[in-house]
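Two complexes follow with subunit A in common, the first pairing it with subunit B and the second with subunit C.
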Partner chain A sequence: MISFFTRRLLHSVLLLWGVLTLTFGALHIAPGDPFDLMISPETPPEYLEAMRELYGLDAPLHQQYWRWINGVVRGDLGLSLRLQRPVRDVLADALPYTLLLSSLSMLVHFLVGTVLGVVSAARRASKLDRTATIVSVAIYSLPVFWFALMMQLLFSYLLRWFPSGGVGDVPFGWDNLGPWFLSMARHLFLPVLVLGTAGAASVARFMRASVIDALHQDYVRTAYGKGLPERLVVWKHVFRNASIPLITLVGLSFPFLLSGSIVVETIFSWPGLGRVMVEAIQARDYPVILASTMLTGSLVVLGSLIADVSYALVDPRIRAR
Partner chain B sequence: MKTTSTSGAWVAAIRRDRKATFGAVILSIFLLVAIFGPLIAGDPQALVGVPLQPPSSEHWLGTTGQGQDVLRQLVAGTRVSLAIGFAVGLCVVGVGAIVGVAAGFFGRSVDAVLSLLFNVFLVIPGLPLAIVIAAYLPSGPFTLGLVLVATGWAWNARVIRAQTLTQRKRDFVAAAVVAGESNIRIITREILPTMTSLLVAQVISSTVYAIGAQVGLEFLGLGDVSAITWGTNLYWAQNDSALLTEAWWTFAPTGLCVALVGFGLAMLNSGFDEITNPRLQLERAWRSHLLGLGIAPSRSTPVTVGHE
Partner chain C sequence: MKRRLTTVALSLMPLTLVCLRGSTPWRALGRDLDWTIAVSTALFWPVVVAWAIIQPRTQRWWRRFEDPSARWGLVIVVALHLVALLAPALVTHSPQAQGHPVFDRYLPPSTDHWMGTDVLGRDLYSRVVYGSRVSLTIGVISVFVSLVLGTIVGGIAGYRGGWLASALMRLTDMMLAFPRLVLLLLAVALFSPSPLVIILILGVTGWMSLARLVRGGVLQVISTEYVDAARALGLPPHRILIRHVLPAALLPIIAALALRVGNTILTESFLSYLGLGLQDPVVSWGMLIRSGRQTLLSAWWLSTFPGLAILLTVLGYNLLGDGLRDAYDPRLRSAVRSEA
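Our next item is the complex of A and B:
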């Protein structure tokens, strides 16, 4: 057990190092640096040199790499070139918004997806199953951003039920908790709807396959044979066993949610990591791009680590391997 | 259960399954539009009238914010978007197969290095990486394809590695090794053919990914905005604030096309699954056998015929 965790932990550290190196490489091998965009032709070359020196861009690549790794370990992510603020603060401001959006969407997509998947597997080839399959395949094939645009068009521009973006201007406070909550909920509704539905479709498909597989096991026939009602067989015997792989899916859907939220945040002007990232890329703000890619990468590593460990806790066969 | 890989058998299999037939029909229509559409539709760049006209008998899908015909642009975009989509789908699976088979077959340090590589690519959320690369390379269809392959291959590699690991332990591979066949020959003649249906399924799902991701990147303005593709059509619609003016016809049809192609491909894939998955096949055969005998299959009916 201990050795399983140690091995898994070491693996995660190795993965994180890979993520750091890859993002550093991808950014620095490409030609040009951020100051090429910021300056006019009249800018004196001495000023440019001074700026490059200030941000450490004049150093040889391996030194920059070393400095970057060193900084990350110490929690120092550098200075944003565009905002003139520590990158750590920029990310710390954005992270809660992304986590709020992602966790709510995840809740929606696992709740809806699981129920839909189990029910349509238990009633395989019924009208409900067919409809659910077609709807989930259809939603699965919709591009997320287009779905987001259509929802925005429908609910914000045509019906005017929900705001088209932003987080609202009601400040948080203990005395106006009610209005703040209401405003947040109104602003969150569309992004969560879009991210949640898109994910629910794939969870439903996965769950359906997993339940169909479990329905073929001997213990299910035994349960039916001894006369248990179907509801009990499906939700107690089948569901419990079929949902073990779901734990892995929770870990694996992290990258999807974070990628998806880049687009959704951009469309709904939600001030999370995704929007920070897109803005940083447009301005070639190296430190912010590096740090936010690293942060999303780390969240994914962490997600799959937690998934693996809980998988091992739930299913003793995994630990033995 | 052996699956034949000749094209005749595939066509027959598609025709047997209703879902697969449906998917194939949708896809064929789009392919016909992609090949012949641009010859019939006319110049997509031509300014044909007042900007942002709603659909009419003259312009079936209305006009864009620049005053071009939406339908013409849609047709022209179909060709480019599908071409990139299918090419990337093939390349993604190709790269994934090479890396996955190599990792699974050679094992040890090769496996360790390659596994770390595709795990890193799996961990970095694809879109940010794609955005980073796309932002720094000259824009064009080639760059876009490269970016999509770079961010899409890892998942396939992981699945194929796992599949290779199980095949590697089978007797027929051991027999080939003893017979002194070269590694390349064992991989291409013994191992890869057992994965034909998996590879086909991967090409289909990778194409769905490629089309969606391509349109997404172009929508964010990271493609070649002067080209006419589904993604750039959406980009210009957004730029001309079609949403604010409620000009739904400038982006609804394009998104619907992306969704339809994805839907068709997914239907084709789930049809293949019903065809190539022995368990589903057996169950169907057994059920129809029972029904033929006048027995209603129930939950406690075991599936036994030909079970492994």
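Our next item is the complex of A and C:
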């Protein structure tokens, strides 16, 4: 088990290094640099040169790469070119918001998705199953950003139930915990609704297939044969076996959640990682792009690591490979 | 017989090309995309017809569409591709024609403007219809690019094995582990987003799951007797791979391809929504939603209709893909039969 874990960890670190080197290469091979976007035609060229020198963009590529890797190892991610702040602070501000949003959405989409999937698989070809299948295909086909816009139009412009974006201006403090919580909940409702619904559909589809697969196993026939009521068979025997693949799905849903939060954060102006990333990419803020790529990459790699390890814990056959 | 029908289908290609070249309003929209769209729309139909004909004789192709979801998916997809092909005949106004600067702005849907007008008085319905060409083209061609890449990687990894295979699959896993949207945003921000660049970027970031499927298919097929027979006859490996292994290994992948087209259309529309995708004067659905975002409350139609168009298209492709997947999975099919 220990050796399996270390081998997996080593793979993950190598994978992350590969992704980062690719990103670094792509950023610097592409024509233009961040200062091209900041200057006007009147900016004197000497000033530009000075700026490039200040940020080390005039050095040969391998030196820049070496300097950057060195910094990362020491925990120094550099200075944002656009915000003039340490990249570490920029990311540290954004990360809690993204984690909050995505963990809540994950909760919604696994709860709703699992129940929907199991119920429609158990009542296969019933009216409920057919409706659930159609609805989940439709949700699966929704452009998430458009769905978010429509929810905004309905709930915050027409009905005025929820704010259209942002996090509110109630500061966090122990004495005003109640108002803070209420404001957070109001601001979180629409983003979580959108992201959670989008994910629930794919979990439901997956769960339905998995449960249908399990329903055809011999032990199900045995369970029915010894006279167990259907509810017990479905939830105790079928669901337990069918939910093993769900562990993998939890780990592998990290990329989906991160991509999804990019979409949702842009629309609901949620100050998380996704928005930081989109803004950095639009401004070509190299240090922020690299660091946030590293952070999302690590989260994804961590997700698949957790999935692999917990899978190995459940199923001993995998450890041997 | 089969071969003759395929020839007929392939000769439809220049015909459709001619149809498209004649469309005048489209010409104004830029040569680059014009060319791409002509080729893709022209390629799409013959490929579909040829695929239907090449099917094994024991299974008629329409048997694949017994399932209602596959049938509806097919109907929607075919209808939308017809709309894309016949766009010049279907529109009521030119998609670029601007109306009166005061009286034609932000008109709500009416009998004259079925989906209303935008800030410049342009007819939204005509723009949505023309947008179908862009979305479908980008979806279909970039999935084709992914298919080619995925077949090369998956085919080699499945057929050869050894260190090359494990290196290729490592690469696949590495790219699969990374959020695709992040890769796309990076790539799109770094290279100027012309239609061809967008197609290539979407294709190059989408081949990984297909490579895995191809590899699985190849591994399954090379253990069959007819491949052993081909080997025993002394055929060279590339010939065995191309003539005997790949056709059988690629057949079940058609379902995954349909699902990928839907997914790619969604991704492209989000890039365009961010303003990082296609640029004016090309009309894409994502861009139309973007332009209606500021006036969501006063002119709701500007964002709503293009979004419905995306939804319908992706729904069609997803239904088709789901239905085909069930049709190709014998286990699922027998389960359905035994229950019916």
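Assume the second predicted complex is superposed on the first by the 321 of 321 C-alpha atoms of A that agree within 3 Å, B and C clash if a C-alpha of one lies under 4 Å from a C-alpha of the other, contacts with A are read in each partner's own complex, and residues count from 1 in each chain.
Here is the rule we go by: a contact is a pair of C-beta atoms (placed from the backbone, for glycine too) under 8 Å apart; a residue touches a chain by one contact, two chains touch by 3 or more.
These numbers come from a predicted model, not from an experiment.
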Clash or fit: how do subunit B and subunit C relate after the overlay on subunit A? clash
So, does A:Glu230 touch the first partner subunit B, the second partner subunit C, both, or neither? first
Contacts for A:Thr23 in the overlay, against subunit B (first) and subunit C (second): which applies, first, second, both or neither? both
Which partner does A:Val278 reach: the first (subunit B), the second (subunit C), both, or neither? both
For A:Arg88 in the superposed arrangement: first (subunit B), second (subunit C), both or neither? neither
Once the shared chain is lined up, is A:Arg221 touching subunit B (first), subunit C (second), both, or neither of them? first
Name the residues of subunit A shared by its contacts with subunit B and its contacts with subunit C. 15, 18-19, 23, 26-27, 30, 133, 137-138, 140-147, 149-150, 152-153, 157-158, 216, 255-256, 258-259, 262-263, 266, 277-278, 281-282, 284, 289, 293, 296-297, 300-301, 304
Quick one: which bits of subunit A touch subunit B in the complex? Just the residue numbers, please. 14-15, 18-19, 22-23, 26-27, 30-32, 133, 137-138, 140-147, 149-150, 152-153, 157-158, 215-216, 220-221, 224-225, 230, 233, 255-256, 258-259, 262-263, 266, 277-278, 281-282, 284, 289, 292-293, 296-297, 300-301, 304
Of all residues in subunit A, those that touch subunit C in their complex: 15, 18-19, 23, 26-27, 30, 124-125, 133, 137-138, 140-147, 149-150, 152-153, 157-158, 212, 216, 255-256, 258-259, 262-263, 266, 277-278, 281-282, 284, 289, 293, 296-297, 300-301, 304
Interface residues, subunit B side, partner subunit A - complex: 116-117, 119-129, 131-133, 135-137, 208, 212, 215-216, 219-220, 234, 238, 243-244, 246, 248, 251-252, 254-255, 258-263, 265-267, 270, 279, 299-300, 302-303
Please name which positions on subunit C make contact with subunit A in the complex. 69, 173-174, 177-182, 185-187, 189-191, 262, 266, 269-270, 273-274, 276, 286, 289, 293, 296-297, 300, 303-304, 306-307, 310-311, 314-315, 317-319, 322, 332, 335, 339
